[in-house]
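These notes concern the structure reproduced below.
Per-chain residue numbering starts at 1, and chain names A, B, C, D and E are given in the order in which the chains are listed.
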């Protein structure tokens, strides 16, 4: 479904990605692990057109989307839940959800109702401004907003960051449900244990390079991963 | 001495229009302890911090702070910078460093903010100014050492990695020579091995610097390892208070926050 | 030391100081082309024993820039006299320099009364009367001729406008009218910063006050806007303004044009003069805009010609610029000159002669017609 | 003293309603111009200093078009209505066009380079200088009057204030356009796009909002309203190359007063400012209108630091 | 947009043609109210001598220029990068050297010497006078505003108010106003200097305390309002300020102690030295301040007010301080103007003036003292030059058309100004790569 080969991304003089290659097939959950500053967020930003690579190619459904602009990605079926949630602070919860369906025509009220079913707390807060939600509320809103465009590929950047344990559980459960409903998920997480338990495959990134990849089950028991990302062998 | 209260929060209520962020919250924090506040998202933890530091003004209740001088003062109605000068330092949920300044300068600003302004002194640089400046420099270097950022002292703060930024924030807060440090989710967005380092650092702050710690954190492993006492907030109210063991076993807390699968404490 | 022209004649420079850039540029442009025209015409007769040239000194109408330009003019080695400065404030700041250098400055437009007080054989002269002369005549016209019992005096807050209005107000009071004064600052459209809506409100208030006469101290630009508002508000009384408003541009700029009808205008010592006939077409060729709209063009033309006439009188083949400068001051004070704005001569303090008449005119069907004088 | 006040207030009572009506009329013009500021501020977080010249260009466009159409005829009745419509249209088209040009030349290149906010301010000031002085050069630096499109006369009176036809035209045309705009922005996708870009441009693009297009449309709409307002303004106040400065300044004040970034706030702020200015002529003095206007602004901001309808957020920590 | 225009090269040609048409228009003859089309038709119809060779209609010139420049641009696009790299590698070393502290001090010292010797070389009296009133005074004003806008990040659109306070304070204490001076003593303007500076600073505190709680553009409009309010009071309080006529009675500076007698007369050079001395004083004082605790605190507030406050910095206090310190140099500028021209009058102190000073500061490089000085010197010198010696073919009344264009072009190619401050440049760098924010102006109230 998605294929990235040798992508290089620069921030001015700094090269953040030094030629990364990976792929995501339809229907999987693929997770990308890595320390702070490894380049995970940068990878996701590249995949949604926010930061075009200076070299390499990205293909989605066989189409070259390397130079496609950010605003065209939703129409292609890719939806991005950005790091830090990025809720529209002065729009109500409901308006934020409407924004998620910006490119769609026709009625969206049904979808909104469905999101309220999945995230009941959002229904309670529907009229409240996004900027005044707590962190967890915002994270749920961000995911719900991304789902409003009926994406086929969902990019998630650290969805569990700053969330209470129960909510983290819920979010991971929902990610599983999203996949079961037919949406492919590309997941970036610090919470490696839970991410790997949910995922089918995983990539490990260090300093702007993919250093190895395997199925999630194997990574969970891989000593290198256990040492660094599961924090065990200390 | 052990039981002296740094913060005594009595029945505060904080409202934003219709939303009640804090509802009749009472809390006692003793000098020298590491106290944690946990609770679901939106429970009011950050609001509590903001009330303690003068950023928000609760409509009801009282907050008494025992200042460095030993005097008790009421925090409500006081501006944030005043509260800071009374020995309360904090970090923010989303890190707020001065990106265009160097790591060193960030800490130095913290170190010198409590001196009088003295335009003339600042310009003329008499011996007192220079002496003060040397003191600030020494403190800043010392603190950078303490949090392990000495080697990055002259880098732009914006070029630091996420984890380093959090350390920088702690160093900067410590530079104000606080008696109590409020940490708002210091471990969010760090990986497990970094979390371990952070745990050590926070403990060191208390043990070596004698600074009391008030901690908000969702990572139960870190909280349970550090905190000596916990308060649990839910919907703006305190639903439980006690030692880690007590909290872990508290039914209400499990239901509202920890979730069934949480007893293992991993996350 | 005057340089020699092609025909062996010396060349002298007449300066012009006024705003050529900035928000008051149009006023300066009006004048500068008239000065140029007078000089061209003088040169073209070939009868003069010298050649003339113009130098412009752009002071933007600003008192902080005018000293520098005055310095520049003073040190122009062929400059004998200056037309201008145009603005009263700029004049006030530049005069000490001109005076110290004994250079005659003949202003076509600086009418503030304070400029001419006190000094004997003043190097500063003007071909328009000071506001005190004009203001007194205007008050008399309104109260005596037009029998205005209750007069509303409005000014624009400018050096010129406020000065003139103050004279009218106090004279009218002396003559027994009840006077209400108010200031409405210049609007952004006309170089100030106030909003035009102030006139809507002002007009409403004036109508409500029941005043039967209105005097406006200020320039045509704002006056035109004010007239539009007075018309909208249904004001029916007598309206009058001074020389700052005396311009066909007033009629063209008032909307609807009917609002300007029957308005009285006054000007001291120059009649409602504009350049006409051949002069007008020559002016247009120079300026790219017509003389009819150009306030102070005629005055500038006269001022320049007075300088030329005086220069002709005192020029001897051995004259140097150094001797001509003070000589011109004296000669100008002795001169009686018949120009397009009337017969002109100066008092010792630089004001037009005491016998100066104030001309009145009235807007009738879109044309400014002279209706006699005081 | 007492006598002064009683007699003074007696005249004030007489003047109050007429002043209110006149103030509302200029208020509508402020509102229309204020919207240009508020929209651009909304998406770019910057004061479009060149808005005054966008306004001015609308004035000149309607002037030249109407001169060509009307000539020396004396329109009346339906003709008048048509011509007013034409003037509004000409002003709107020119204002929109110049606004888009300003965006292209003075803003977009800076946006590409992520220039600091104050650089935009200077570039806008540059564009403003350039445009109004060029207009002065090309069209002369004196007044133009618009051809007479209708005879101004009192139409009816309320509380003893006769309402002039001109005021009705301004209020009618202004209100119609403001309501239309409010509908468009509140309900349409475009409106939502504008609001999203305003709050977080990058995230908006993740939602599928084309940022460049949204910004251009914002300038277009704001410019069109400003240009149309210039025509309405020009009917009474004529057209001159410097005509933009003060209405724009006041409109900006109005936008801030109402809560910058908020469309209804701009309308409210405009009307309020118009009325305050008008009334202060009677209650204070002509010379101090601006003192009153700005004092009201300061007073409002001291109590509501983000303007009357400004959306408020607590300080985030 | 038509398809063919989407073709990049064609689109570029079209934009260039449009730009050239504007150039023709700007340099062409003017129109007028009578014939508004004269400017347009003349701009393309009138004959001009082409490169001094033979007369052609301007439309031909226009086409020729368009083609030639298009060709040059194409060349630049293919070879420009190499050229730019070459230039950069050439300037790299000198630039590194120039950044060294000792060299900077050397440059500063050299500039002082040049400044001191300038009147010996600039003998044209126009320039000598302009150097005081049009350049040095503007430098002082730019220096002061730079403290407010550049250091503290507060957008002040009413800065002229402090200049006015300085000028009127001088007129007042020297007994030139209708308002009698304190104790009826008419002071020499020399003594007005400390009083005027003090009053300007006081005005900064008084205006700042209520307004500086506001953020970003709210502050901008309120300061603009205050500037306007001061103007209106000065213009209308006849019994106090002399109203719109102002006062022409302000005396020159003079010294009269014992054997030392000296009166600053009309000659500009003495004023120049006095002003230069104060410029140096302010430059030194402000740069000490910039690198002191106070300067760092300003930066902290600019970057993140909430975080700064959490460290114990009182934002309001520091902002008011910036306001008041910035006002000091403006107050002094007011003394110079009043004493040199002997004249105070409200017509100078308009909002246009405030905007001009802001332009100088940002053009020079916001937050940089050298930038403020350079910006003021460059812009003022260029405009004075054009006013004093209009080049052939240039119509003086078009000055602001060119200045306007210059501002836009400058901001496109060098948005951080001529001599950007290091700290500010870092912030701009951060903003360019998408991190952080530049100013409150950009972020407003959004958390």
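Here is the rule we use: a residue touches a chain if its C-beta (ideal position, glycine included) is under 8 Å from a C-beta of that chain, and two chains touch if they have at least 3 such contacts.
Because the structure is a prediction, the values reported are computed rather than measured.
Student: If you tally contacts for every chain pair, which pair is highest?
Tutor: Ranked by contacting C-beta pairs, first place goes to D-E.
Student: Quick one: most central chain, C-alpha centroids?
Tutor: E
Student: Farthest from subunit A by Cα centre, which chain is it? Let me know.
Tutor: C
Student: Subunit C to subunit E: how many Å between their CA centres?
Tutor: 33
Student: When the centre of a chain is set as the mean of its C-alpha atoms, what distance in Å lies between subunit A and subunit E?
Tutor: Computed value for the inter-centroid distance: 48 Å.
Student: If you average the CA atoms of subunit B and of subunit E, how far apart do the two points sit, in angstrom?
Tutor: About 44 Å, centre to centre.
Student: For subunit D and subunit E, what's the span in angstrom between their mean Cα positions?
Tutor: Measuring from centre to centre gives 29 Å for this pair.
Student: Among the residues of subunit A, which ones contact at least 2 other chains?
Tutor: 89-90, 131-132
Student: For subunit C, what residues touch not just one other chain but two or more?
Tutor: If we look for residues of subunit C contacting two or more partner chains, we find 23, 25, 29, 157, 183, 185, 192-193, 249, 252, 289, 293.
Student: Give me the residues of subunit D that touch two or more other chains.
Tutor: In subunit D, the residues touching two or more other chains are 136, 140, 142-144, 199, 202, 249, 287, 290, 313-317.
Student: Show which residues of subunit A lie in contact with subunit B when the two form their complex.
Tutor: 35-37, 84, 121, 128, 132-137, 139, 158, 161-169, 190-194, 227-232, 234
Student: Within their complex, state which residues of subunit A touch subunit D.
Tutor: 48-50, 69-75, 79-80, 82, 86, 88-91, 95, 98-100, 102-103, 129, 131-132, 145, 149
Student: Going by the contact rule at the top, pick out the subunit E residues touching subunit B in the complex.
Tutor: Per the stated touch rule, the residues are 285, 288-289, 292-297, 299-300, 303-304, 306-315, 317-318, 321, 325, 423-424, 426-427, 430, 435-436.
Student: Would you mind writing out the residues of subunit E in touch with subunit C in their complex?
Tutor: Where subunit E meets subunit C, its residues are 29-34, 38, 124-130, 133-134, 137, 228, 232, 235-236, 243-246, 248, 266, 268, 337, 340-343, 345, 347-348, 350-352, 384, 387-388, 396-397, 399-400.
Student: Under the stated contact criterion, what part of subunit B meets subunit E in this complex?
Tutor: Contacts found on subunit B: 53, 55, 79-82, 84-85, 89-90, 92, 96-101, 105, 108-110, 112-115, 117, 119, 122-125, 129, 133, 156, 158, 172-173, 175-176.
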